[in-house]
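For clarity, chains are labelled A, B, C and D in written order, and residue numbers in each chain start from 1.
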Amino acid sequence: MSSTYGTLFKISTFGESHGPAIGVVIDGCPAGLAFDTAFIQTELDRRKPGQSRITTQRREADEFEVLSGVFEGQTQGTPIALLIRNTDQRSKDYSHIAEQFRPSHADYTYQAKYGSRDYRGGGRSSARETAARVAAGAVAKLLLQQQGVQIQAYVSQVGTLTLQKPYQALNLALAEENAVRCPDPETAERMFQYIDDTRKRGDSIGGVVDCVITGVPVGWGEPVFDKLHAELGKAMLSINAVKGFEYGSGFAGVELYGSQHNDEFYTDDQGRVRTKTNHSGGIQGGISNGEDIYFRVAFKPVATIMQDQDSVDVHGQPVTVSGKGRHDPCVVPRAVPIVEAMAALVLADMYLRNKVAQVAGAAQHAEKEAGLL
Amino acid sequence: MSSTYGTLFKISTFGESHGPAIGVVIDGCPAGLAFDTAFIQTELDRRKPGQSRITTQRREADEFEVLSGVFEGQTQGTPIALLIRNTDQRSKDYSHIAEQFRPSHADYTYQAKYGSRDYRGGGRSSARETAARVAAGAVAKLLLQQQGVQIQAYVSQVGTLTLQKPYQALNLALAEENAVRCPDPETAERMFQYIDDTRKRGDSIGGVVDCVITGVPVGWGEPVFDKLHAELGKAMLSINAVKGFEYGSGFAGVELYGSQHNDEFYTDDQGRVRTKTNHSGGIQGGISNGEDIYFRVAFKPVATIMQDQDSVDVHGQPVTVSGKGRHDPCVVPRAVPIVEAMAALVLADMYLRNKVAQVAGAAQHAEKEAGLL
Amino acid sequence: MSSTYGTLFKISTFGESHGPAIGVVIDGCPAGLAFDTAFIQTELDRRKPGQSRITTQRREADEFEVLSGVFEGQTQGTPIALLIRNTDQRSKDYSHIAEQFRPSHADYTYQAKYGSRDYRGGGRSSARETAARVAAGAVAKLLLQQQGVQIQAYVSQVGTLTLQKPYQALNLALAEENAVRCPDPETAERMFQYIDDTRKRGDSIGGVVDCVITGVPVGWGEPVFDKLHAELGKAMLSINAVKGFEYGSGFAGVELYGSQHNDEFYTDDQGRVRTKTNHSGGIQGGISNGEDIYFRVAFKPVATIMQDQDSVDVHGQPVTVSGKGRHDPCVVPRAVPIVEAMAALVLADMYLRNKVAQVAGAAQHAEKEAGLL
Amino acid sequence: MSSTYGTLFKISTFGESHGPAIGVVIDGCPAGLAFDTAFIQTELDRRKPGQSRITTQRREADEFEVLSGVFEGQTQGTPIALLIRNTDQRSKDYSHIAEQFRPSHADYTYQAKYGSRDYRGGGRSSARETAARVAAGAVAKLLLQQQGVQIQAYVSQVGTLTLQKPYQALNLALAEENAVRCPDPETAERMFQYIDDTRKRGDSIGGVVDCVITGVPVGWGEPVFDKLHAELGKAMLSINAVKGFEYGSGFAGVELYGSQHNDEFYTDDQGRVRTKTNHSGGIQGGISNGEDIYFRVAFKPVATIMQDQDSVDVHGQPVTVSGKGRHDPCVVPRAVPIVEAMAALVLADMYLRNKVAQVAGAAQHAEKEAGLL
């Protein structure tokens, strides 16, 4: 198992869905960052269950405790440990699946790989683990905000219902105004009904989360393997239920000719090198180019449904798995802060890694020079 | 820059497009593997330029030399260094872009990040670097073949022209029979014309490569961050020109209900736990489940086109970039062995990492047990 | 800061001396290990303060809580988080040094590197952090015990008082029978007096801890950089107050001729390849050779003394630092379990890493073969 | 095997003693460093064999080729590959040991761990590998020189013959004036005779290398695990034949009382915080404190001797190993540049890592502030 992520801004998450607690240790957050606990709690609240009738009814306060790394309101350069106690574990809801493999869950693969598994609520494979990511991501966001970087994700698709506007035509701030987290109020309402109808039928449905990042300067990303979009892709694909990732023009871009797809350069009136279009999604050669970073993440329908399904038990015998427990009929509304958190963790790491790209503080110099070109 | 990839089967690539050589050091290949140099050369030949009129006319023999790590035909557990000399560098073709930023290339971002760049043929950002990946990937393939794992990629889309059959309906071996590497001969012919027409117009076009991996046992993948599909996604996105990655049902899967999407389990006549469908693409909870692994990779149109484009120079002044140099009008035919190589590197690493999942060689035991369930 | 150690058996420690808690996350412990909480507590008890009048009088129960990774008494392959609350933090004891740099402490370097510091009891630089190492090391010991590996450290020197017997002439189990942890009772008594006399004078004194590891099979260690003794050395030198490390013949070995120093091989009556002498300390070429592993660790006198010392404050002004707070007059008795814990962490990692040295489980094969040679 | 070292300034070495070549890839050297090939060659010349009659008579020019990463005389931020061809491999000298285990060599452990070995000249376990380290270390030195850091090692002991002066009383530049690399000419002459006498008897002898590093600013080192001295220790212990490492007061320091050992602070006339003594060896809490860094490295007698020794063969049968091949009777003269190279690699990495210790370039700020205190 690898629950450690990052090269310089490094996190280690821990915890099972129905164990005593989940949490995260951040090793490598620079010293001198004002530690805004209220902001971190707000981010956790955005992810927490029970926000509306289209999310799971599990009740978790998701209040966190700072165990280390902060003194007199500032980070110390030492590991920051954040702890979230589990409080509403109805483990008995899961006793019926102790010996069953739920379809499209990780029950079977965990059992085979590790020889046993904590079956209560999916154990370590539960999306509950992402609360720790959101807490760590909030710290990363604090670091990035200081650099002028803003991250905003939103729901752009639920099932077959697609938001037809590009992000530039939307007021992304509106995403937080509704339960679906779609910035177009009318589409949001239709998505809500779509999800609620699905829920009533005991079924689940997939969706897409788009993410826009502004304010990233030229130079973040570490080719050839740790390209900015490659790390963003890995980070997103590591989130539960994600099936696809694309950035900039993405899969649709393959249909274009190079003469249509290329982003021509120009110099803006502040002397900054810019591109006329942004099919590159803000990243060229694996390095941010100063334009908005834009990517999309596909989430499958949640595997837990309130319907009977065929399966096998741990002895290979046929069984019928009955839907029980609490779950989300569609994961994307709560996935929005998780996508943002993972993006923040990637960017914080890349921000720090870029500091050593050139000798003698030349990275800063290059940024300046880039602006002057 | 990070040119190192892998946790246990670790590679470090080096080299610029027009420098003396490119190459790779593999640190962590187990000892005792028969080192099949002919096979490795065959893999390099699949990627090398000049294979047909729809690939770049640069002439590189891409013959490699083994500098270390192999003795009496076997790997020794020591680093394996493979060297490929560059021979056909027409650097003067590139002198005109020493001070220009080619649209949608990495010229601008490298210049900004590093303060200078080797502009000859894109320097380090050139896809020539992928020859080193293919060489290393061939070694990984040798390791995987011993475990019964086979990797086969193919072209499924060029521009708007899409292969309409699922991989199960295709004879994938036919992919190597034509210049496009599409296993459907009739579609391959149309794709060839599509690309050749694009080439004649001095333009480029995108495409999609699908990849199928068979024979992976249950248990490969290291959640929560190094999920098998997350590492595959990162590896693919680290390849030049890649804009998207999806596995199993991918982006299309978001439109399905959970009741449609879930892969129900059954026990086959050999007592193995199997799934009736494979929307999961062979991976559940980030761990292989014994089914075929299936994913798709989107490639943008190549940025180099034989047309004039607006841009700026290193001083920020407007310039017209004229298309020169040799290039591929469509990257996907040559991308097929690169996709396979990166998949092989990911899987070799995951194979080794899985060996320590349980105490006392229990991983092997678990695999057996999984089959017996 | 780097509070993460290990390649496969990886730990991340956190916590400051006077913060809410200290702890550790173990990422990479194999699944299926019986988790013996009583044993772990016993190890923590060996390190905890207040064991006799020659150790610090700080009172910490050092009881730990398992937050994750264990289910039904077994490790799950998931991260194991262990938490130890701080209870006896008399932070006000330290307010007088908020603006002072104590000589030979980390006050000045932390302040300069991080721009601020948690001055209470040394904050992160306090040896209290080693409790987390001992907890993690106890888990590593459980893994190693299963492999037949035993680790025993003891005090061999206090100040100028040296234990004159080699480890082979000692009953190492006696080390745990006295407060000094010297396995020779008569020497232990003299060491106790030495330390107690030092304590009464308000001074401190250094010492040496020797460590013997039995039962390690041939093959552990990863040259050329992660040689077994190199990792042991790093691990020991990362412990507070350590100034030197040597293994086998160590510094004294430089005086020997090769003809005296070389360990000649022979085959024992069980057919195992053995060495007649063990100047190599059980390690040749960075890899264990099946003999006892033996190394020694030098600890400086504790920096905290109950005497006035010249120093400067954070403004660079001269100050007199007065000895206050609770401390150990000699660190080696409590360092014994810390040395063992770090050795266990190194060996657990090397054990796992060795599993992938050869293809197809050949490491086990090689061990067998080595025995048969 | 792990032939990769470093977190940000990362190297991967490769090559066997009698293979086609040895070399190194440096991944993470910042861009913009003037690449002084003559200096690098000079460093290799300091290490190369055949310098006098007290070093091995193997003849290697040790000329290196730059394969990548340098353009127009400057590093590009891309991987720097350096290649050194082996030219004087008399492999037939070693055929007699193909089936023998030479005492105190790595023959037996490599054979057991990897199932086979390249027996020619020790293969990968040969100290020939250190040429690659010296080449990489020379690049690290170039980076450090720009920061005002100087590294000078020298021989302080051969067998029982010890240089009786502290480094402060020596003109270290004199070390390069004689074949032994001892900065005291009279002692150097005696050491030369000592080694030459040993050589004539077909024997070998150990020695100690001391190393002094000046100009390191406050703040380098990454506790709690990657303390500066812990990384230096690991780096030194990874060099062939090293048996011990100590820094500052080292093993001798354990005999002192805290009141003697503590380094009191004062402010010098330039306003810098300094210590009156330097028992700390320039490192406190694992972080450089601005004083000279000082450490010592113990090397055992070379295992190859020109005498018959008892041993066993790969079948476990008794054999007599006869001394053949070319070797050094005492390794320390040629070890001096290796010690320096490894120190340079550690420090270059720590220099880069320290750049991210604080937010907003605060590390530089802190250094300034530290000077102002």
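Note that in this section a contact is a pair of C-beta atoms (placed from the backbone, for glycine too) under 8 Å apart; a residue touches a chain by one contact, two chains touch by 3 or more.
All of these numbers come straight from a predicted model, not from anything done at the bench.
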{"item": "Pair joined by the larger number of C-beta contacts - B-C, C-D", "value": "C-D"}
{"item": "Furthest chain, CA centroid comparison against chain B", "value": "C"}
{"item": "Between chain D and chain C, distance of the C-alpha-averaged centres to the nearest whole Å", "value": "25"}
{"item": "Interchain centroid distance [CA atoms averaged], chain A/chain C, Å", "value": "39"}
{"item": "Averaged-CA centre spacing for the pair chain C and chain B, given as whole angstrom", "value": "44"}
{"item": "Shared interface positions of chain A, touching two or more other chains", "value": "1-4, 7, 13, 28, 31-32, 77, 113-115, 124, 353, 357-358, 362"}
{"item": "Residues of chain C defined as touching chain A within the complex", "value": "1-4, 10, 12-16, 19-23, 25, 27-28, 31-32, 65-69, 71-72, 74, 76-81, 83, 113-118, 123-124"}
{"item": "Residue ranges of chain B in contact with chain C within the complex", "value": "7-8, 28, 30-33, 77, 143, 146, 352-353, 355-362, 364"}
{"item": "Chain A-touching residues of chain B, taken from the complex the two chains share", "value": "1-5, 7, 13, 101, 103-106, 108-115, 124-125, 129, 157, 159-160, 198, 203-208, 218-219, 221-227, 229-231, 233-235, 237-238, 243-251, 253-267, 271, 273, 275-276, 279-281, 284-289, 298-305, 307, 309-312, 314-318, 353-354, 357-358, 362-363, 365-367, 369-370, 372-373"}
